[in-house]
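Structure incoming, see below.
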Amino acid sequence: MTMSLPTPSIAPPDVIRCAYAELVVTDLAASRAFYVDVLGLVVTHEDADTIWLRAFEEYLHHSLVLRRGDVAALGVIAYRVRSAADVDVAEEYYRQLGVPLERRPAGTTRGIGDAVRIVDPLGFPVEFFYDAEHVERFTRRYDVHGAGAISRLDHFNVATPDVPFARSYYEQLGFRVSEDIQDEDETVYAAWMFRKSTVHDVALTGGDGPRLHHIAFATHERSQILHLCDHLGALRESDKIERGPGRHGVSNAFYLYLRDPDGHRVEIYTHDYYTGDPDNPVVTWDVHDNQRRDWWGTPVVPSWYTDASLVLDLDGVPQPVVARSDDRESDVTIGADGFSYTRKGDTDTGFKLGAQV
Amino acid sequence: MTMSLPTPSIAPPDVIRCAYAELVVTDLAASRAFYVDVLGLVVTHEDADTIWLRAFEEYLHHSLVLRRGDVAALGVIAYRVRSAADVDVAEEYYRQLGVPLERRPAGTTRGIGDAVRIVDPLGFPVEFFYDAEHVERFTRRYDVHGAGAISRLDHFNVATPDVPFARSYYEQLGFRVSEDIQDEDETVYAAWMFRKSTVHDVALTGGDGPRLHHIAFATHERSQILHLCDHLGALRESDKIERGPGRHGVSNAFYLYLRDPDGHRVEIYTHDYYTGDPDNPVVTWDVHDNQRRDWWGTPVVPSWYTDASLVLDLDGVPQPVVARSDDRESDVTIGADGFSYTRKGDTDTGFKLGAQV
Amino acid sequence: MTMSLPTPSIAPPDVIRCAYAELVVTDLAASRAFYVDVLGLVVTHEDADTIWLRAFEEYLHHSLVLRRGDVAALGVIAYRVRSAADVDVAEEYYRQLGVPLERRPAGTTRGIGDAVRIVDPLGFPVEFFYDAEHVERFTRRYDVHGAGAISRLDHFNVATPDVPFARSYYEQLGFRVSEDIQDEDETVYAAWMFRKSTVHDVALTGGDGPRLHHIAFATHERSQILHLCDHLGALRESDKIERGPGRHGVSNAFYLYLRDPDGHRVEIYTHDYYTGDPDNPVVTWDVHDNQRRDWWGTPVVPSWYTDASLVLDLDGVPQPVVARSDDRESDVTIGADGFSYTRKGDTDTGFKLGAQV
Amino acid sequence: MTMSLPTPSIAPPDVIRCAYAELVVTDLAASRAFYVDVLGLVVTHEDADTIWLRAFEEYLHHSLVLRRGDVAALGVIAYRVRSAADVDVAEEYYRQLGVPLERRPAGTTRGIGDAVRIVDPLGFPVEFFYDAEHVERFTRRYDVHGAGAISRLDHFNVATPDVPFARSYYEQLGFRVSEDIQDEDETVYAAWMFRKSTVHDVALTGGDGPRLHHIAFATHERSQILHLCDHLGALRESDKIERGPGRHGVSNAFYLYLRDPDGHRVEIYTHDYYTGDPDNPVVTWDVHDNQRRDWWGTPVVPSWYTDASLVLDLDGVPQPVVARSDDRESDVTIGADGFSYTRKGDTDTGFKLGAQV
């Protein structure tokens, strides 16, 4: 059974794209070493408690805020809307949805103009803004690009128990689905949804939630992703590499999942495809297809399925986590009761994790 | 003095992106060897006189049509609009502009639905369509991707004498400028304009026109572009490499210009940047900046400035070419009267072509 | 206790490098599909029962022979010596060692001149030859290089129970050690040994033997290795990817392990380093260092430790396999009794496989 | 007519490889900015007048010495020999050749042991040494590898008027030819000669000499070379890029030529091939083949033919430069009297420089 959602009387705000995330971290120096010294993000500003960061091709003030706090959690995910008027639209739209909401004057978040912040129907803290401070775009500043140079924020991935409900909510907000994972009973395990012309601005991952599964940054080439692994090896921090590098089936992107010092998951991502035409074909994957999450059939590590970050409400209190009641992808694909195939119709599993345990 | 343009009473059609080009070629077998065997484009269909081609991530019927003819020329450039209704809008919009126009029923061009074809105010044959046949998207068909795999059509580049006029025309059609090249007297030498969230769908290059300067395809990585050069070398056709590979200043893209067997120019292009936000900063380059066209300061070969393809009117007759009356970029930057600098303020040229002649 | 070896009265033959391997395969068509259609090796010659293959930068007749047979096994590994006279030296050297030996006139193996074939003291069938037929070197034949182009055979890896004995044998033959894996009790788990100026021509892997652990081919760049994975995914044969891609600690090479249709293991390998100076420093790795086999800390799949190919004697009969009596690397590093660290001194394991099971 | 050379009564020293160069530079800070901040070489040691540098995979004290001086010149090129005894052999060998010679006790050059330094019969200052101080090999220090990481010194290239004489001299010293450029009259324009198993340790370029044409460093991948170009562009020093990047015909290497602040030429180089077998085929190129120096047919810039660095004698005085009397490659291939072809037998030139001037 899927929850239902009221339909506001006005059209939703015109969301352009995912724009920034704020992560609460418990050791700001350790986080700085990870995000600045390893990932190479550019520091737009920093003070004793907060660091505002951007990637090399970004000209808004930040795409990531690290804020010192006692409990590691997601502070907010923010979408940019097309105009200042859309912030007003967002306020009215969410008032009608009846969710917790606050209007935030310009500068409430450094570098960000007038904004509306809500708790969305999935339980996530979400901000909508248009105005933001412009800073230097480092696109051509190759003198400061490292071997693992990151171009821009690409997407958010959120863990939520009820994917069809979450999908309906985001469709109502104007997002479209590019790909999803289902089974023969039409249980939906995950969906990828976009506003900008890439595979996603937000992915919905079925699981206990609301929790942040990960944020993702894009690079131009795979060599930059491979360097990040080499770099972490040289620092003797290879245990920060959780999964990958590999090629996703879904999205066709080349990927790497890292865990920051608080365990927040960060994906580095490249090579997805253009989705901007209205009839962009939706790709539906069978949950039993062993190449859906890794095109090379490399097993997904269990922590990738189980771990995610708490998310805060508007008062900064962690949201309670609700367990998924539908089947879990890890249960139906791995181990005694699970099943995956490399070639549809194969009677043995052909699943490589079996060879590992 | 810049020409003026009537303003239609209705909003323009909602153009999504550049979608396909038709090139008239004089030796179809030679063109097939170039576009299929070297560039690796996928043949959707072919008959005795025509080949319909697409790149690996495209699912519409074609992005390039090669049609046999007596005179090598551009047959048409086509933009996709957001809906079938936008084709009607396009018809009305261009009727009010008073340009030559024909409505083309579905199938007039194989694989393309109902369309409007016009001669635009710059003299180019341009089509607008929405409906098109869907075919297999080869995104993940790595078994047929060669070492130089091409992802999708990226943009058109048109030579036109009066860039400010052309820019006004395209702005009225809803395109925005990402970058341009000017001089201290505000002479505009070129402008890059987009609908999809890349640096351009069409570039306007100041020169004798209307002529097609080039069409461009995108790849994921630079190694794919470098392989095309190696491949042409192995075939002893390195003289098909006209310019590059190199890094553009404008667009920051890594590029290569090839000439097909008829001399039509094809660019292979990767690494440009996201432009989809409404306040995307415009980058204006000084025409004397020697890194504007090549970030590494490699001289532009003269043929790149002088050569371009004829374009046909709706009856298939080559359009007369009008000479540019404004200063030419090659004249103001190269040779006795020209001037370029590597570092602004340098009194010597620092320009590398000087060392070559 | 390590076995001892007689010392011949003459100097050993001057081995240049590892040169070719013959694999017995049970389904020649399936093997051809793997080695030719996926790996892209060049067919020098083929008949109903045998295929002779080479990589793009090789000019000797073959570096891999696939021979149809009933039992999948290694037929021979062959080293090239510096001159025809060295073949005579090899014959005398091995007669004094008292191992099974046969002199093979030119052409006994197609494309190979006069040769000596022995069973070496480790139980492996090994050939020494100098003369060989020259064929076209495809270095610059980019028209036939695929996206996963392979340059040359790089090394053999043999499983043998007693690594110190095997190392002594190969040192006597003039090979030097570049890297090895030991523990605090000086148990040796593996050693890498070379004649040409790379990290190895042969690696000695402690395990039940004599068995062939793998053969390895070199590429120029990592992108070629990544394409092989994408290609196998597209063919729905991702289960042929056993381990990797990743970065080795030992050798610093970027690697991928595949399994051919008979389960023979093939490594694709790039980025190792120059070892040709006489004082090239030996790198000794602690068996408990979790980055020794993968610099990114990715767990070694168990099959990589356990599986290997049978090897034939000179009569084509599989050699009996002797169990390793020293500690096994998999036992001392994984699971209940094993221990690995990412940072020396860490008290918890920091070992990522733990998170997977 | 080719000069003749006495034949010493003893075998030559056993040279392993090219090992280091000393360049005299006029502005040490400017040179440091180039070699350390852009190329990323590692500083082993520096004082007020000298900087000792190495690349990431090197463990000897240095492969490049920058020494402050009044006249930009080559101080010395140094080859490493196989043993300390070979230094004595070198001394006797060159005494018999009757060239200027000095024995240099350990430490005369920081980090280098006992050495012999000579002026070779071509007029170049050349050192032979075995002992050298070992320092940390940064192979796996990815935390300090930049995006343009350089692995090791690869070769020297020397300009000399009489290539056949120079070739005879180096063959007598035990070097072998991998490739050369000749014309139909057997005039030799250049030859590539090696001791280690690559295409060359030294290239002989026909021209006025003795002068140093360039020194070359190797990288693992092309992306590292491309980054150096981007980096120089970002610094507005693109005029330090003289030629390339491109693919050589000779050697098949991917290349880039830079000019340091004194005009010393430095090549960055990758992708050549294994030459270590005794019967490695020699590749002879026709001087009129337009793909010999660039596989993509890109014209060689004239400065690459004309410019080179002075070389010092053992007293630090620049050697007089002797003009080449044989035909010059630039004369026979470019311009009014020259001729080059892309396809042998083509009657028009197909030569792209023609389109540029």
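We call the chains A, B, C and D, going by the order they appear; numbering starts again at 1 in every chain.
In the analysis below, a contact is a pair of C-beta atoms (placed from the backbone, for glycine too) under 8 Å apart; a residue touches a chain by one contact, two chains touch by 3 or more.
Source: prediction; values computed, not measured.
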{"item": "Between the pairs B-C and A-C, the one where more C-beta pairs touch", "value": "A-C"}
{"item": "Maximum centroid distance from chain B, chain identifier (CA atoms)", "value": "C"}
{"item": "Whole-Å gap separating chain B and chain C, where each centre is the average of the chain's CA atoms", "value": "50"}
{"item": "Length of the line joining the C-alpha centres of chain A and chain B, rounded to whole Å", "value": "35"}
{"item": "Chain A and chain C: spacing of chain centres that average the CA atoms, whole Å", "value": "42"}
{"item": "Overlap residues in chain D, where contacts from two or more other chains coincide", "value": "140, 221-223, 230, 233, 249, 295"}
{"item": "Complex interface listing, chain A residues touching chain B", "value": "16-17, 57, 59-60, 80, 82-83, 134, 137, 139-140, 151-152, 196-197, 220-222, 249, 252, 270-271, 273-274, 276-279, 281, 295"}
{"item": "Residues of chain B defined as touching chain C within the complex", "value": "140-143, 145-147, 149, 221, 223, 227, 230-231, 233-235"}
{"item": "Contact set on chain B toward chain D in their complex", "value": "222-223, 226, 229-230, 232-233, 236-239, 241-242, 245, 247, 249, 254, 290-291, 295-299, 301-303, 342-343, 350-353, 355-357"}
